[in-house]
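In what follows, structures are represented as structure tokens.
Presented sequentially are two complexes of subunit A, the first with subunit B as partner and the second with subunit C.
Then we have the complex of A and B:
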């Protein structure tokens, strides 16, 4: 037997009248904090403080482990040891696994066992752990939905709603779960926009970790430039794409004390999935890039793309190598810039270029999977759509960056 | 037998799932953590039973992709037993989904989860009476600490198909009774 909506509510009314009693309730400290963090006047300063705290924690934690321990372990012990024991410094194997003979740091060597391991374990791992530790505490206390409420008005301007901060923030860790988290958005338009925007504009934690190691003084500016881009293009996409952006009612759960067991579990799960899904791609990326150099393919590609790279984007033609690696892993791609001769302006431009251009292969696969839920047409729509957005963004936004750099007099 | 954990977003289905199966699916304090279903196994009386952690949904009329997954899962599991997880401090609106699922003829057990939070908010629920009206097992639980979980598991086999006509009659009958007193 089926009831109508009204009949159902009427029945529920009857049942709850007899079974549920509401006693008096005094507001507690938790409620007070809950109110303060969600009302704009106090909530926005608090949100800025929390996000800044997130950023500072991320930077100092990752820096502490990478600079304090990893760089020393890898450069002072691991690298010299490998150089000594690995046979035949002129052979291909040496070039692929150890890299440049005589290189003094893992930034320069570029072998699978030197730079590959160094990026994955030395630089990215501390960054990932730092990121997730803070994120998990935000998730478990219940702060995320409050952030969603605060940013709701702003996100409506680009056709999304507050809840879109969840995929955005998850993407800062890794774009892959970010893409799946868009399932919580209501309309097809919002899902498509969010997937396109996050895969183009939001750098992942691994990439941020390397950026932080490479150009700590510029990372903040690059982030601001990318986020601005997300809003500018969100605004444009919202006007172009048909579809609705409905208001939603959002549940804000009470604050809870994180259970440390759960924090530990989640941190372990996310870190170990980084080990199994990311590290192989980093190592594979190093092999691929080295093979392409050894066979001369990279140089040929560089010549082909030279007009575009040096002509339009103003970066050295060798940037083609990181762009190739970027298909596999963005962190590896940024890392490759470390050993290139570049001006500050070129370095910033190429980092932005790598960030904006093609999502990494894992994100790409996830976009296909999400499109697949509506069949071939879905895949086609998501892929063609994102690629279109991507192409447009790369040319326009990197162009804008060059103009800004020129005005500011950065060489 | 297959058990589906269903309920609103952020009521603790994933915590339930992890407790029941020993799995480690992500638990967080915000609605919409689970966006896809996860399957696992648990033991009830020496029998291996499949348990599914289903994304949260407010009703059987899906509003987004995650809710679509939930509704599809339910429709495809015609022989499933539903453990409907309810936030004890928000019983009314949770009952809506429970009734909807019962109307489709699924056997059900109701877990009044977050019992501690309802208590903190000074909300009293008459569990026996609720069970009397609905005609299916109703149990208070606190999944994060594990309280009530053993009792819940021991009564999954008692899951019954809700009889809507009976529920209507019970709700009315008991109310009249209360009026007379």
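Then we have the complex of A and C:
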């Protein structure tokens, strides 16, 4: 049986009359609040408030565990006990596992079982838990899609769209899931841009946690500078890279009360991956840096890179050690930086340099894996492209920072 | 009390509250930009994120005042709830920070704080949002009213 267009419409009308109940819909307070959070005039102040809530919660939660208990556990009990029981304080093993003999805090010792464990468990773990807890609550209440809608216009200026906020926010926890989350972007151009930008400009939660613990007064400024860099270089990349940046339609769910069981499960799932992906790299990083010091390789590297580090970037040549450690873990590198004697300007520059100069090894591996979906060509494209962006960004953006610091009179 | 009367009272109540938010927000922004702090009795205009808090409070006041026109409309009430919610976020985070600071014993103390130290952490002065918190809780009454559905407006 073949129906004409009119007959089809008639059939549709008849079915819908029998199956659909029509009536007025009363807007609820939840609907009204949902609308207000995506309108720029009210949505931006609310986003600012949520961001404040996040930052304040992050600082208080991480501070409670790290300053309140972890510092005491590691410095007053763990370190003195290790110094006492670990044999041969002059031996290589002592230097690698415990660090500097007579150090008064895990901050100074720099051994695998002292600084390594302190960074991973004492500083980074509380920061990661705080970050993911807040993020999961935002996801489960339905605020995250609204934030995506709100930021959509701004991200279109750099060739991305609102959903790019998901990998961005995830990267603030860890760049690895951030890179994976770029799969929700529509085109190859958008994916490449997002991967390059987040692996360079977005510091992970671990790095943020260490920065907050060691240089809290500079964290805000450093973040502003990095975010500015992301938009500046995003704009440039959007102009240079061929490809499409299409519009999308987003389905925004209603606001919901989070189920605490789900929150707990998600938190456990995400935090437990930190134990397997992050902690081994932190410990390995400490071993590698200590071995390089003991064999004299670090001094040789410092001499080789001295003209670049002291001349162009204006940081001490000893920064080479944190740069090596930063390849494994950025949080470890920042931790190392803070124990070096530097001026305020040098400290800010070196933290930005560490943030920008190379993604950590886990992110690097993830970029290769993502590129692999398009075969060897994809891997080469993602790697070469990311490294090209990276090299350009490091020299230009750190140079800009030095000029800004000079103008502001920061020594 | 009928809904109409409740909304009339609501407008009268939230107008000065909105002005207070706006005023405190402005004061914190000015002090924050100037890099200064001010403490008067139990009122504290200082702290790490004062400028940020000031901007939020300013917008909260602005949104609350803009909700007063046609206050019985559910969308306007949404603005009122959001404005008060912004104050709740700042105040709750401040309370959370106080709790987090009050429990551990400090650098030279024991594992946990002494009773005096614990209670001392809650002594003033307090930031403006904490002072505004009890007054902003009246918004809960209007949330309850809207949940009953009697004040919904069909567009």
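Everything that follows uses one rule, which is that the second predicted complex is superposed on the first by the 387 of 411 C-alpha atoms of A that agree within 3 Å, B and C clash if a C-alpha of one lies under 4 Å from a C-alpha of the other, contacts with A are read in each partner's own complex, and residues count from 1 in each chain.
The definition used in the following text is that a contact is a pair of C-beta atoms (placed from the backbone, for glycine too) under 8 Å apart; a residue touches a chain by one contact, two chains touch by 3 or more.
Since we're looking at a predicted model, the values are computed, not measured.
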item: First (subunit B), second (subunit C), both or neither touched by A:17; value: first
item: Partner chain(s) touched by A:127 [first = subunit B, second = subunit C, both, neither]; value: neither
item: Contacts of A:64 with subunit B and subunit C, given as first, second, both or neither; value: second
item: Contacts of A:56 with subunit B and subunit C, given as first, second, both or neither; value: second
item: Partner chain(s) touched by A:269 [first = subunit B, second = subunit C, both, neither]; value: first
item: Partner chain(s) touched by A:245 [first = subunit B, second = subunit C, both, neither]; value: neither
item: Which partner reaches more residues of subunit A (counting touched residues only), subunit B or subunit C; value: B
item: First, second, both or neither for A:356, with subunit B first and subunit C second; value: neither
item: First (subunit B), second (subunit C), both or neither touched by A:25; value: both
item: Intersection of subunit A interface sets (partners subunit B, subunit C); value: 24-25, 28
item: Residues of subunit C defined as touching subunit A within the complex; value: 48-49, 52-53, 55-56, 59-60, 63, 74-75, 77-79, 81-82, 85-86, 89-90, 92-94, 96-97, 100-101, 103-105, 107, 111, 143, 146-147, 149, 152-155
item: Subunit A - residues contacting subunit C, complex; value: 24-29, 31-33, 35-37, 42, 45-46, 48-50, 52-53, 55-57, 59-61, 63-64, 67-69, 71-72, 216
item: Subunit A partner contacts - residues on subunit B that touch it in the complex; value: 8-10, 24, 26-33, 35-36, 55, 63-66, 69, 91-92, 95-96, 99-100, 103, 117, 120-126, 129-130, 133-134, 144, 164-165, 167-168, 171-172, 174-175, 178
item: Parts of subunit A lying in touch with subunit B, wherever the complex brings them together; value: 1-3, 8-9, 11-25, 28, 136, 139-142, 144-145, 163, 166, 180-186, 191, 250-251, 253-254, 256, 259, 262, 265-266, 269, 373
